[in-house]
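These notes open a run of structures that come right after.
What follows is a pair of complexes built around chain A, which joins chain B in one and chain C in the other.
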Partner chain A sequence: MNNTVLYILLGLLVFSALLTAMIKNTLKAVIALAVASVILTVIMFLMGAPLAAVFELSVAAGLITAIFVSTISLTGSTTKSDQTENNKKRLSRYIYLPIIIVIVAGIILITKPGLDFTSIAMATEDTVQSTIWQVRNLDIAGQIMVILAGVFGVVILFKERSKN
Partner chain B sequence: MPTLFLLIPFIGIVLLNLFYTKKLKKLAFGTGILVTLIQMFLACALIFQIAGNFFTAIEIKYFINLSIDLYAAIILFTIGLIAFISLIIRRHSDNDEIFNFTQLIMIIMIGMNGVVMVTDIFSLYVFLEVTSVASFVLIAKKKELLALNGSFKYLLMSSIATLMILTAVAIFFMTFGTLSYEGLGAQLTADAAVSTQIVLAIILLVTGLSIKAGLVPFHMWVPDAYSSPSASVSVLLAGIVTKAGGVYAILRLLMVVFPQIVLIQEVFAFIGIISIVAGALLAIGQKDFKKMLAYSSISQIGYIIVGAACGTPLGFLGAFLHFFNHATFKSLLFVNASAVEAQTGYKELDKLQGLAGKMKITSWTSVVAFLSTAGIPPFSGFWSKVIIIIALWQVGFIPYAIIALLASILTLAYFLILQRKVFFGKTSAEFENTKEANNGFISASMILAIITVLVGIGFPFVLNFLKIKGLF
Partner chain C sequence: MLSTIFLIVVLLYIIGFYYLITTKNLIRILIALEVLTKGLTLTLIYVGQLTGQMATAQSMVITLIIIEVVILAVAAGIIVNIFNHTDSLDVREIFRKNK
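Take a look at the complex of A and B:
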């Protein structure tokens, strides 16, 4: 039963991810991305990783969607003729994507490669805390730098554009 | 000591932003220069310390999983040097933007220093990301269509690479329960029968890092990313960023994680040789000064990878030496290409002619860089290429050694074409009033040319010294 639910969710995840790439309206694409994140959260929760699920929900589904939506509302929309032009290009560009995914999934299902993805260590809440703050403090510092670089990027690129 | 290399640029960023006023904005350049100088000084101190215990190390050990060996110290020095050069050029070409530029330079330095020092494959991924994100912003900063296009291509390719590397990291962790270089190396050597998922992880890792390094056939983003941004950024990117990101990671993994796995060495040797030949052939056909240099970069990075793929101490010595040499002479060429573009307004080879008389320093430093790239003695490029070719011969990659040698002639060919078109010949009327480039470009190219010549002349002594010390 549990497996069936998981497969349905995985199918929905792929579908919403495809929608994100193929949909013509940017706002709808962002919503599709948020839906994908929410489905991923449920999958993570079902697979016994509640902490990862919480992060996924708050950061990917919540924060990132908010940033995308605010960016879209800040930037101007394209003209009608541009949009129809883009739509044509988009369709021809992404029409292969679902086909490729179906073929790859088919190959994996038929050949069933001997992959053994059972995790050798399961984290509990205590170990997650000590791991993040003691063992992997370097990566936390690195992540802070990634965020800093991203913030600088947004500030620099958009501030100058508003001047023009 | 390793912590300092992350801490100093970070302190620079904090100081600049915390006490931000209009007046202090002018100090940004000085702060940037200071940070790069401290980095070069510390790296030099480390090199001397490792080579002969001349100094005792300053120990600040907050981050436990960082380490620096001789090669890492050399690369840290190179990062400081190229960042320094890039700042000088920025100061003289586009001074308004220097505040933001300095901060991005410091972030990118933290990223590269991290990649150089980490001993853990997940930390490697994190710092690769720091470097990449900062470089997207730097390229896009010019805000012209070409630059935005270059940045977007780089962003797309880099995201694919990131996804592959992260998947590989996850598979490694699920299978072995460790992520440290040493632990992975030990596990991979111990496993006689490698399972399917490890093969998958290795393929993903190799492909991801090859994209980051810009090796053939994953090089599509390189020409646009190198040729479209402003002078200071293209010097930084071509000189050090892609190398300290992708190429260094490959070298380190070949050195520590995969030293016993012959198949991976063969794969990298093959990719390297293809890059050498394809890069050189594509460079010959280019009509754009900077694009020709970009394709030449792909070819030279091939030499670095091939050297490391030998898996012998001599091979690694050649690879890291060529890393340093390529950073200096390719930065020199990008400085000069930008100088020519700034003075004449063109980067198309067909429109340029006879600039040697008008831009003497630019012209002669270019000759030094061309000869060094082609591996002509006594310039620095000669030594590294000779060492790589000898290393290839020793481990039995004899056809590769011959191809690498012949590709040097190709290198010479396209650079002679370039030199003849741009600098030699009769000065056309259009360039009668062209002046020598500004002080920033000239001082940058002089510094790099002097390093190229000095390393070339002094290298036999260094080699002798290293041999006595038993360091290779």
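Take a look at the complex of A and C:
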């Protein structure tokens, strides 16, 4: 039962990623991306990664969608070339994508390549908290620096803009 | 089940790369990067399940998400600035105007 749900969700994830690429309207593409994030959240939860799933839901599906929507509202959802582009021309650009996907899926399903991690598999009983704060505690410092760099980057960008 | 997840990861990478190559809109290039990141997130969780080190995988996914959102915020700011200067989001038009 659990596996069936996972298969359905994986299929929906690929479908929503395809929709993201193929939808003409940028705002709708962003909404499809948010749906993909929500589906990925459920998949991560089912695969036994609840903490990362919560992060994915709040940041990737929430904050990133908000950033995209605000960017689109500041710039306009479509470019001039997007507006003038013929639907037929656009369809011909993306018609190869489903074909490539079907071919690659067929190759993978026929050859069934397996990733063998058994030689490096070391099942540990560490919790996420102990991993983050004890094993990979330098990552926290790196994350803080990345966030600070991002904040300063955005501040500088909008400072320049207001000056102009 | 695990080989199915491998298949989905490869498909997500293909969709992301194809989208990245074909689109000319700056916002859509960012969306393509996001699709690629979804594939990467699923890869990390998949490898974490294969190796039995889900705690490490989760901590790496959290790091990835933080880096992803920071890059996106800065890139979005740059795109807004580019739009204010060139009045376009099309890569070809921006190159033409900057020549």
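The rule we apply is simple: the second predicted complex is superposed on the first by the 120 of 164 C-alpha atoms of A that agree within 3 Å, B and C clash if a C-alpha of one lies under 4 Å from a C-alpha of the other, contacts with A are read in each partner's own complex, and residues count from 1 in each chain.
In the analysis below, a contact is a pair of C-beta atoms (placed from the backbone, for glycine too) under 8 Å apart; a residue touches a chain by one contact, two chains touch by 3 or more.
Quantities reported herein were computed from a predicted structural model and do not represent experimental measurements.
Enquirer: Does chain C touch more residues of chain A than chain B does, or is it the other way round?
Expert: Here the partner covering more residues of chain A is C.
Enquirer: Which partner chains sit in contact with A:92 here, chain B, chain C, both or neither? Use first/second/both/neither.
Expert: Once the two structures are laid over each other on A, A:92 reaches no partner at all.
Enquirer: Of the partners chain B and chain C, which touch A:150 in the superposed model: first, second, both, neither?
Expert: both
Enquirer: So, A:73: does it touch chain B (first), chain C (second), both, or neither?
Expert: In the superposition, A:73 contacts neither chain B nor chain C.
Enquirer: A:47 in the overlay: touching chain B, chain C, both, or neither? Say first, second, both or neither.
Expert: second
Enquirer: For A:4, is the partner it touches chain B (first), chain C (second), both, or none of the two (neither)?
Expert: neither
Enquirer: Please work out whether A:138 is in contact with chain B alone, chain C alone, both, or neither, and reply first, second, both or neither.
Expert: First partner only.
Enquirer: With the touch criterion stated at the top, can you tell me which chain A residues are shared between the chain B interface and the chain C interface?
Expert: On chain A, the residues that contact chain B in one structure and chain C in the other are 113-115, 117, 120-121, 136, 139, 142-143, 146, 149-150, 153, 157, 160-161.
Enquirer: Write out the stretch or stretches of chain A touching chain C in their complex.
Expert: Checking each residue of chain A against chain C gives 3, 6-7, 10, 13-14, 17-18, 20-21, 26, 29-30, 33, 36-37, 40, 43-44, 47-49, 51-52, 55-56, 59-60, 63-64, 67-68, 70-72, 74-76, 78-82, 93-94, 96-97, 100-101, 104-105, 108-109, 112-115, 117, 120-124, 126-128, 130-132, 135-136, 139, 142-143, 146-147, 149-150, 153-154, 157-158, 160-161, 164.
Enquirer: Show which residues of chain A lie in contact with chain B when the two form their complex.
Expert: Counting only chain A, the residues touching chain B are 113-121, 136-139, 141-143, 145-146, 148-150, 152-153, 156-157, 160-161.
Enquirer: Sort out for me which residues of chain B touch chain A in the complex.
Expert: Listed in rising order, the residues of chain B that touch chain A are 6, 10, 13, 62-66, 100, 103-104, 107-108, 110-111, 114, 118, 120, 122-123, 126-127, 129-130, 133-134, 136-137, 140-141, 143, 171, 174-177, 195-197, 200.
Enquirer: Touching residues of chain C toward chain A in the complex: what are they?
Expert: That would be residues 1, 3-8, 10-12, 14-16, 18-19, 22, 24-25, 27-28, 30-32, 34-35, 37-38, 41-42, 45-63, 65-74, 76-81, 83-84, 88-90, 92-93 of chain C.
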